[in-house]
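Please find the structures below.
Below are two complexes that have chain A in common, paired first with chain B and then with chain C.
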Partner chain A sequence: MSVPSSSVAALRERFGDAILRHAVLSGDSIVYVQPDRSHEILAWLRDDPGQRFDYLTDVTAVEYRDAERPLEIVWQLRSLDRKADLRVKAELDKAAPLEVDTVCDLWKGANWLEREVFDMFGVQFRGHPDLRRILMWETYSEGYPLRKDFPLRGHLSRAEQTRQALAANPEAHYSLEELSIAEAFHELPDDVRERLRHGDRGKVR
Partner chain B sequence: MTTRTVEYDLGTSGLDAQGRDLRVPLGVRRGDEEDALGGEHMLINLGPQHPATHGVLRLVLELEGETVRRCIPHVGYLHSGFEKLGEYRHYNQIIPLTDRTDYLSPMANNVCLALAAEKLMGIEVPERCQVLRVIACEMSRIISHLVWLGTTGIDIGAYTPFLWLFQQRERIYDLQESWTGARMTTSLTRVGGLMADIPDGWEDGLADFCRTFPKVLHEVDTMFTRNAIWCGRNQGVGAISAAEAINHSLSGPMLRASGVDYDVRKDRPYLGYETYEFDVPVGEHGDNYDRYLLRLEEMFQSTRILEQALGRLTRLKGAPINVDDPRVILPPKSRAMSDMESMIHHFKQVMEGVRPPVGEAYMGIENPKGELGYYLVSDGTAKPVRWRIRPPSFLNLSALPRMCEGALLSDVIAINASVDIVMGEIDR
Partner chain C sequence: MGLTTAAASNQATISGQSPNWVTARLSDLINWSRTRSLWPMPFGTACCAIEFMATAASRYDLARFGMERQAFSPRQADVLICAGRLPFKLAPVIRRVWDQMPQPKWSISMGACASSGGIFDNYAMVQGIDTIIPVDVYVPGCPPRPEGLLYGILLLQKKIMGESLTDQQLRVERTVGPDGLFLPPSYIDEVSEPFGNSIHQTRSA
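After this line comes the complex of A and B, so read on.
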């Protein structure tokens, strides 16, 4: 059970110090890598003929209850040919900006997964083609819901949330440009036109 | 200012709540003046309240004539924060949350969570429990595929098979109800076992279903498989190659229709699936039609597995359904009411919950929609530090823009139907 995957030794040989440590938990091999070299290592794991981790099962993040511990980015890799799995992790210091290279260029499936990690944890993926919130709405301003400093019921009281929901302008949430209203742009009231020019799409004030 | 430049300006400026540039990728790009329509592109908003989007999915489509140039899905309308909620619940209390993610196959989700927690604790459940869980998973596969086939038929214009299929689905719901007491929110499993054994005579109901259900599938096969409209709407539509399907992290029928033979039941067996005889159908064209054939065949194969499991149930009559492990299983109620130690044990188990050791485990199972993975991280307390759902339909849907590029507007409906999404799981 506690024998690490053969990929661990191969990684150590190829990347040396960039492989920080490894563990075997519940039969799964986990490799901790230096965050700034994660992209290079993941690209090698995908392309090396001996590894062929062609399938990205999941990208996610883990924040521990212990505030001292770093935030972990987790890549679950799978080699469909070799029927092997590997979990790669990079630890990000929470005192520094949370940033890591995107793997969208390696696996297109990473696109939405990374957007979700950004949305829920606030991790910036360098080089991501379209890093927007995905589950929360774009104007959401309370923070990142899956962070441990985010209370279960949100930062705002129930009353305040209701007040804001009632005060929001739902039509502005349907960003007008999406709905082809541009045909009627000149007929819009001046203030609405001005707001749209500045990209204001109904942020709660 | 022409219409086009107005939209172009609208799509670029502004800051979002985090103070970053708001890059709305929705403004129509300046069209190519050479093309037939003089660069006129049209934006269509589909959903979130639309019968053909299978839930609250919103698609923004950029059309050139009737051809889709871009498709931008917007998800999150059903976001419920299940992963966050799970961090505040005991492991057994998370099981009702799993019902509500992929609500078309609740029993399979229950099984996955129990398996993940058991992997974390190093528990192996007894054989009768494994067989019952296999039955739960395969029943889920059948009802989920029935919903898919019925609604896809409606999307494409065939209403009758929908009624036949939902009649069959109702039979499984009746079985689920008599086993668990609920039709959809089953909460069937517990860490280390099951919430309840099947009631007396329940096997007969399932055996009856297995005997008569294939007949209905054959009728649907007659209606659809060689139907000119069905073939015309599905063949060659929404095709994606094997390499691209892997690169987009598709799973389940979506991946196999493209010719990639990856089924978690075969490649990383759990619950003793390696001891059942069944075939995994694999497509070759990766289009809607192959996905249809594949799911249809999967229902026949699931029936085959159910029949084998029923045979094993007879052999295992009266065997325990729960693991004999005081860390996870409650003592019998009669003991808890008469014996001091059992009462303390019962109290602690109910009040404090199951406590896995420090560690983490990823458990992936073959759900009807694809590979469902639950990734649990434990710090030794009764509540997980992180409960990550690897949602198959989320990843399958993320390839929708790729599949819709260059298709016709009417194809978008057919392609979206063939992806078999369930928004409860995508938005979680």
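After this line comes the complex of A and C, so read on.
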């Protein structure tokens, strides 16, 4: 099973140089694309009648142990109609700021997936509506835990970690929607609504 | 005689008495009644919670020991049972739950992770809930079998039977101090040191 997906040839024909290379691994086709054209390519994969990748299975990132290798952003696509899968990757130079376009406008489900990648790897998603930490608490100050230069136990001492954790005010870190009282939003005073809209995030004391 | 002395010095409460025959008999009675009606507040975060559920279900039947009612409100609970690992993100939550429980209250740390961090010697995990709240009984195991938890509960009952009404330190709330910690930082760092196999972990920095 080393035959690449038909999408690979279609992508090469449509986008030419923006498709850097492709590989087939265990029957799965992997396409490497230019990071700055990723949004355009993913939009075409979703909308083209021959592709119809209507379901975004996952957005994640990979950092390899070898320091010289770039950090990869991975979009795992699925076409529910065609019963076909495609993995799209973009390589980001670690020396430059880690930035890539959001795909929230294409698949709404990308919202939390991209927040997780931001939380764990520090990748900025341009145009993301609400890019903040999702697994770690929002005032978490030690960096991005899944990066290879992040020590397993974190940067701070256990006592300092405990102090910051106890100082966190979890209730201040969730939007009204997440607290499931969204229906009461319009009955709140203006200043409270404004505070919640901007997110009263609390501070590390 | 103890009673009149105390009345003279304006200490009209039992806990103000010096130990005597009356307070000892009263302690026995009150401790006996407390041990037979411990209401557990389950704080289940992981696989230990599954064993806790097994303990509470018909085969092992926690109700035999006076724990008929699971108090899912901390305000009506006597024993906090932390069943499972505690991430730093949950540290302020369990602290809040503990602070909401009225005296008299006790806590059981169920399993290796709650007691010491267990296999999770990493950036996200509290290295033993005793750095967050006071703990009365530690139950070892990964996870402990229901018999193990029951033994821990029997130990707690034994401990309660040994309490004295005249001991003024027993019911003192041990809150988070002005430095934002419940224990001195040096103590937290010391108990969080790697031990056993975890000192051989490979780590990036």
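By definition in this document, the second predicted complex is superposed on the first by the 163 of 205 C-alpha atoms of A that agree within 3 Å, B and C clash if a C-alpha of one lies under 4 Å from a C-alpha of the other, contacts with A are read in each partner's own complex, and residues count from 1 in each chain.
Quick note on the criterion: a contact is a pair of C-beta atoms (placed from the backbone, for glycine too) under 8 Å apart; a residue touches a chain by one contact, two chains touch by 3 or more.
Since the structure is predicted, the reported quantities are computational estimates derived from the model, not experimental observations.
In the superposition on chain A, A:149 makes contact with chain C only, not with chain B. Within the superposed three-chain model, A:160 lies in touch with chain C and out of touch with chain B [touch as defined at top].
Shared-chain residue A:34: touches no atom of chain B or chain C.
In the superposition on chain A, contact of A:54 is made with chain B only, not with chain C. In the superposed pair of complexes, A:113 makes contact with chain B only, with no contact to chain C. By the document's definition of touching, both partners, chain B and chain C, reach A:136. Within the superposed three-chain arrangement, the count of touched residues of chain A is higher for B, of the candidates chain B and chain C. In the superposed model, A:63 lies in contact with chain B only, and not with chain C.
In the superposition on chain A, chain A positions 136-137, 145, 150, 152 are in contact with chain B in one complex as well as with chain C in the other.
Partner chain A is touched in their complex by these residues of chain C: 88-89, 91-93, 95, 121-124, 126-127, 131-132, 176, 179-182, 185-186, 188-189, 192, 201, 203-205. Residues 3, 6-7, 9-18, 22-27, 42-43, 45, 60, 75-76, 79, 81, 83-85, 88, 119-120, 122, 244, 246-250, 260, 262, 267-268, 359-362, 364, 371, 373, 375, 377, 379, 385-386, 388, 390, 394-395, 398-399, 402, 427-428 of chain B are the ones touching chain A in the complex. Residues 25-28, 30, 54-58, 60, 62-66, 74, 76, 80, 83, 85, 87, 107-113, 116, 120, 130, 132-141, 145-146, 150, 152, 174-180, 182-183, 185, 196-201, 203 of chain A touch chain B in their complex.
Contact residues of chain A toward chain C in the complex are 136-137, 142, 145, 148-154, 157-170, 205.
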